[in-house]
């Protein structure tokens, strides 16, 4: 019985990480309808910025995260301006292929510049503490709590930005109808830049947390979590912020249960199978609403 | 535009050209005038052409973005290799089984997933590719992660050459027929196609199945040239490699796919010692192509006898498609 | 006998009724207009009839056969063809290839013959090509056959769309705002063309149009939609004088 | 222009005939004569190593060891009066790429190949070496099929290795767990994406159960995994006395860390894949206390040859050499030694000299080649104590 609860805890902590990444994913998709494949790789860049801030500048985790968020916000805006903006009016396939291109560019440029070696955060970067319950049967670490709290806090913040701020209102307008928003005097370019800046900053925060959590980072670290987070975003209904959070938890718990009671070797396969099933039977996700295609 | 009659002149020229190419390389290989390294690249080139041309049917002509082509390739490779290595069948039967297995997989995957549109389809096929990889990874019978070893090297130049020619001819003949036009109409405007009586799902599945069949062929040839196949060889990066060829060459141009496959194979061999540079270059090429020339280098134009006639200023030659701007 | 009848068609999107209890009957050889203010649900009715949308309830009977909820390609094969409000040509294809696709549903050879280039393939292709050229000639587009569809001027694109629909050999032709964006001269030509087609091809025609002059001149009967409901039907004369129609078009003023 | 249809058909038939004829032609291969190089020209040796991809750090360290050895040999006057020229190429940790690289090195007329490191890639490169009659020395391919064809049981003529085999080190650990650590119940958590780890797990299981122990759990993970908590939770509930974790340090480091977090305090055991300076960085010194692994050598060894090697390596590369650097270093000396003994750069003669190796002394021990081209050599058993490697025993086969 304790094992089951421990597995649920494992799932929630893994799920918070997916949720963190999925938030940015879902936001960018919701507003400009682009699967930003590079999101996981922006997360990786964030992790590296955080790593160098800690390892070279010797700052703590929180300032490192701020640096990473600023750097990646800028990176996100640059990527959008250079690669995605010219394609805003072309086919979705062209935009998707470009996003894949950007993703690989970030991965391999990082390998080129920084070697493919795995790096580890200096020991003691994060003062670790374990809490044991029920005669050591249940374990919770402060890292788990940190990630969970961060994910919830960022979700609330994001929800607030989108629902209650000026820029959030512009974002929602752009997501409804880009042309109409433009006609209503909304600066669409600026809004999209902000979207990318916020989404990428979220990715960077996630990256630093993943780095601290697992203590290791490498140039290809963004691929699998990025894909999993995408699955999470789809499960929750892509474009819906609380949905991404829930999707993340669903994925995390699912994986924990597959590893705990089945075989961890099929964990990734199960994740993708769920994705395909969701896409087939409820493509709008658990929280999504159906909308018909306009003819 | 399709010719109304079989053009014997063109057929003769094609046959002679192909026969010459075949014989020259056959001679060079048999006499060992080109060494192992160039042979490997020659075979890789042929396999890449099959992959690019077959993916082009799905991505380029039918307009369905598939990121799982390496998955179909691996199904073909494993099936063919198991048939020859474990079950003792002949190479021809192995290759045939590989093609069929891949085509069947294309059909099975195609029917449900093709209800999805655009980027969702892309993600679903990517997921499919990963699932196939994980499954092979966990089957001990085919060697698990370390792969199936000890596959005899049965892919000869003849096999490869004939396979490439058959792939190109079959796909070109499909594309230049009413069935191919139905596929293209799906790409151009799915709603309109459906309303003009084209069963779009059927043609998407057709493209997927035929594309998968030839990917399986490429897989079988690959397995029987490189002695060993591992699940990792058929990951997302290989799907991506093939996609780059198709995108660069022109979505919807078989000639373009061939030229790009050749160019990128040679480039990749040249950048052997700088794998990161190769990938950085690929990704930049992909982004720039999409921004400045989303239809690819060749667009949907084909290099054919008609093109030559036009270059010569042949007055009888019909006007070739002008490029979409 | 009715060529097409719809019975109590309903369709809503996310709780918003686009079409409500819409019933209509079109006799063989009639030329019917469907009018209504913007957003009244006219195009939705077309999408329901041609199978793009599946109705929430109600049924559609065509030539005595229930085609409710059938796929668009199937409905096309039964003899309904349409054009679109916003032109939907196969832009990357030549004019003649746009037309050839319409013949695909009757393709006279197998896929295998195409792959092996058997004689039946060449025979079939010449049959398709000859037919395609015939339709282009009728629509006066034959000299543009090798041009890209997207490179045609607007009026010709409209004509090509009609040609493409005709080439599927329909008994019911549905035109969605065929005169949109045309000048009065072009509209007049179009009116004549529609008449001519109706007679030559023995067609039943259903059209949506905002150009009242065209509708009143051309249509034998008119249905009026407002907020998804049919509010009136009758001859052009009756519609012109119907107070509910005037109210729908002009708002509260009359009421 | 009118063309006679019969002529076309004739041509097509001729084409088909040429294809069929070609099939026959391919079988008749002619031997190309290699002209012997003039004596003063350097001897070319190809390094087919993993400089990128999954096991990049092994390849890089191994290359460092090889390069250092050849530089020393050249400084001492070379082999048979000729300098050694090494050509380094990256096989990207991929089997097909390893084939390709081997072919490219052969094209550059190398007389021997060193690498690749991991067994899968060695299997990829083997056919090229065999076809061209060039010996291949695998510094770290510890899985059985690297030198022996599993189906026929025959030794692969041109393939040699300088490391011990998986059954040896896995069995060693199984005995150690049962005898010294007094374990009754063991759990196995292995990297199923490598033959190496699977081989180790198999050998461990056999020797441990032979000593009366039971295996309470057998779980797997895949290279690149980062989260092992669910699997570890499962293992924890089986309450094993030891957990055997064959795999490579990137993952095993994380496993050690997460196992300790979950409250698994029993000894963790591993193989030579654990050996890396990064292991401590990833897991932290504290988590690694109470862990043991088998290895080819230890830099802490006070054998003068080892001390000298460690000093020279530290001077050249600023880090402590790991086992892969040591194996690379030994492989390079082994190849040079064989060329010297063969007195020739002919592949077949070098191969024969390699097979006849007896009492070769390297930093990873003194060994002779057995009939399967495997060195018969000792292993060390290392315990991690506060982040430092401490040699517990040195075991002869």
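Per-chain numbering from 1; labels A, B, C and D assigned in written order.
As a convention for this text, a residue touches a chain if its C-beta (ideal position, glycine included) is under 8 Å from a C-beta of that chain, and two chains touch if they have at least 3 such contacts.
Everything numeric here is computed off the predicted structure, so don't read it as measured data.
**Student:** Trace the shortest sequence of touching chains from subunit C to subunit D and report its length in steps.
**Tutor:** 2
**Student:** Pick the chain whose C-alpha centre of mass, unweighted, sits closest to the average of all protein C-alpha coordinates shown.
**Tutor:** B
**Student:** Quick check: how many Å separate the C-alpha centres of subunit A and subunit B?
**Tutor:** 34
**Student:** Centroid from C-alpha atoms only, then distance subunit B to subunit C, rounded to Å. What do you get?
**Tutor:** About 39 Å, centre to centre.
**Student:** So what's the Cα centroid distance for subunit A and subunit D, whole Å?
**Tutor:** Measuring from centre to centre gives 38 Å for this pair.
**Student:** Would you mind listing the residues of subunit A that make contact with two or more other chains?
**Tutor:** 111, 116, 263, 265, 268, 295
**Student:** Got the subunit B residues that touch at least 2 other chains?
**Tutor:** Within subunit B, the residues that touch at least two other chains are 137-138, 191, 276.
**Student:** By the touch rule stated above, which residues of subunit C touch at least two different other chains?
**Tutor:** 52, 84, in rising order.
**Student:** For subunit D, which residues count as touching subunit B in their complex?
**Tutor:** Where subunit D meets subunit B, its residues are 1, 3, 5, 7-8, 11-12, 14-15, 18-19, 22-23, 25-26, 28-30, 32, 52, 89-90, 92, 94-96, 99-101, 103-104, 106-107, 119-120, 123-124, 126-128, 131-132, 143, 145, 149, 151, 192-195, 198, 222-223.
**Student:** Can you name the residues of subunit B that touch subunit D in the complex?
**Tutor:** So the residues of subunit B touching subunit D come out as 8-9, 11-12, 15-16, 18-19, 22-23, 26-27, 29-32, 35-40, 137-138, 144-147, 149-150, 153, 156-158, 161-162, 226-228, 230, 232-233, 272-273, 275-276.
**Student:** Can you name the residues of subunit A that touch subunit B in the complex?
**Tutor:** For subunit A paired with subunit B, touching residues are 35, 83, 86-87, 90-98, 100-105, 107-109, 111-112, 116, 223, 227, 230, 234, 263, 265-266, 268-269, 272-273, 275-276, 279-280, 283, 293, 295.
**Student:** In the complex, go through subunit C and note every residue touching subunit B.
**Tutor:** Residues of subunit C touching subunit B: 50-52, 71-73, 76-77, 81-82, 84, 88-94, 96-97, 100-105, 107, 109, 111, 114-117, 121-122, 124-126, 128-129, 146-148, 150-151, 164-165, 168.
**Student:** Within the complex, which stretch of subunit A touches subunit D?
**Tutor:** 2-3, 6-7, 10-11, 13-14, 111, 115-118, 120, 123, 128, 130, 132, 136, 139, 141, 214-216, 220-221, 224, 255-261, 263-265, 268
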